[in-house]
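The same chain A turns up in both complexes below, where it pairs with chain B and then with chain C.
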Partner chain A sequence: MATTQQDINAWIKNTIDGNDVVLFMKGRKNMAQCGFSQRIDAVLQHLGINYKDVNVLEDASIRDGIKAYTNWPTIPQLYVKGEFIGGCDIVMEMFQSGELHKLIHEKGVPHTNHGTHA
Partner chain B sequence: MSAERRMREKLMIALNPTRLDVINESHLHAGHAGSPGTGESHFKVLIVSQAFASKSRVERHRMVNTALADELAGAVHALAISTFAPGEPLN
Partner chain C sequence: MPMEGSEIERLIKAKFPDATIQLVDTAGDKDHWQAHVVTAAFKGKSRVAQHQMVYEALGGRMGGVLHALALTTAVPSD
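Coming up: the complex of A and B.
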């Protein structure tokens, strides 16, 4: 995978640009190894979003790289359509207020749970 | 000085909050993967500050993360953040 800082940034950018929704997390989809990652995973699955998971525990260069790339010191990190949305606290707040559902709807992200929009 | 007290001081200086809760939750995580067992690893902060007015969620969290950069790069493994401008409902 990525080796130099430049390669790492390019890999991150490609991943973020190439997928509607990307979660940089500890563990994998359905198998989070951290409570904060698990909570975002659960929210995305609840909304029926087929997101791209990146397990930072598999590659220390990605783990450090995404922190620098986003200028955000913690994992998990959620990107939607190339835009950094936040970590666990922000995503949970946005989910509870209905803003997250509204955001993915407005950005045209495919999702199967249409429920009600705030 | 405890990590809790140090974080409290840094947040007071950086954000001049009207309310500041710094809660050490390390005991809730003792013994599970990712817990270093130091007793100063997992924290929760609730901050009400005028500095957050008209700032986005990401901007607010960055302000907190910047104030606590040393802690986050060191012993603090997890930090839950709730930020409010004065008048915003605390939930």
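Coming up: the complex of A and C.
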């Protein structure tokens, strides 16, 4: 997988740009190994979003690389259409207020269910 | 590794003297904090930027010695 910092950043960029929704998490979709990752996984499943999951526990260089890439110190990290949305706090706040649902509409992200309406 | 609430408050206040900070030790182990930070310095900043400002004030402890910090931020209502 990734080796130098440049490779890591390039791999991260391709992953973020190459998928509508990407979640850098501890564990995998439906098998989160951390409460915070599990919460975002549940929100994305609720909205029926088919997202790309990246298990940072499988590669320490990605785990550290993503924190440097976005200047964000923790995992999970959610990206929509190449843009960093936030960690668990922000995503949960946005979900409860309906902002997340509005965002995925504005960005044209396919989803099969509607969250709280803004 | 736990962190004292007073230490979290001191670090944030050092960076944002006008800040009001509500801290809750959610698990009672000084390792899972919940914080609500309000300061005029957040004005016009995105939520992500506001949180990054708090993490910066905590001087790299976030994700390290400070294991979990459930953070919400707001701008003071004038």
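By definition in this document, the second predicted complex is superposed on the first by the 115 of 118 C-alpha atoms of A that agree within 3 Å, B and C clash if a C-alpha of one lies under 4 Å from a C-alpha of the other, contacts with A are read in each partner's own complex, and residues count from 1 in each chain.
Note that in this section a contact is a pair of C-beta atoms (placed from the backbone, for glycine too) under 8 Å apart; a residue touches a chain by one contact, two chains touch by 3 or more.
Just so you know, these numbers come straight off a predicted model, no measurement behind them.
By the document's definition of touching, of the two partners only chain B reaches A:Q33; chain C does not.
When both complexes are overlaid on chain A, the residue A:E58 reaches neither chain B nor chain C.
Shared-chain residue A:W72: touches chain B and chain C both. Judged by the touch definition given at the top, the superposed model places A:E106 against neither chain B nor chain C.
Of the two partners chain B and chain C, more residues of chain A are touched by B. Of the residues of chain A, those at positions 36, 71-74, 84-90, 93 touch chain B in one of the two structures and chain C in the other. Touching chain B in their complex are the following residues of chain A: 26, 33-34, 36, 71-74, 84-90, 93-94, 96. Across the interface of their complex, chain C is touched by residues 36, 67, 71-74, 84-90, 93 of chain A.
In the complex of the two chains, the chain B residues touching chain A come out as 33-34, 57-58, 61-62, 65, 69, 72-73, 78-82, 91. Listing the residues of chain C that touch chain A in their complex gives 47-48, 51-52, 55, 60, 62-64, 68, 70-72.
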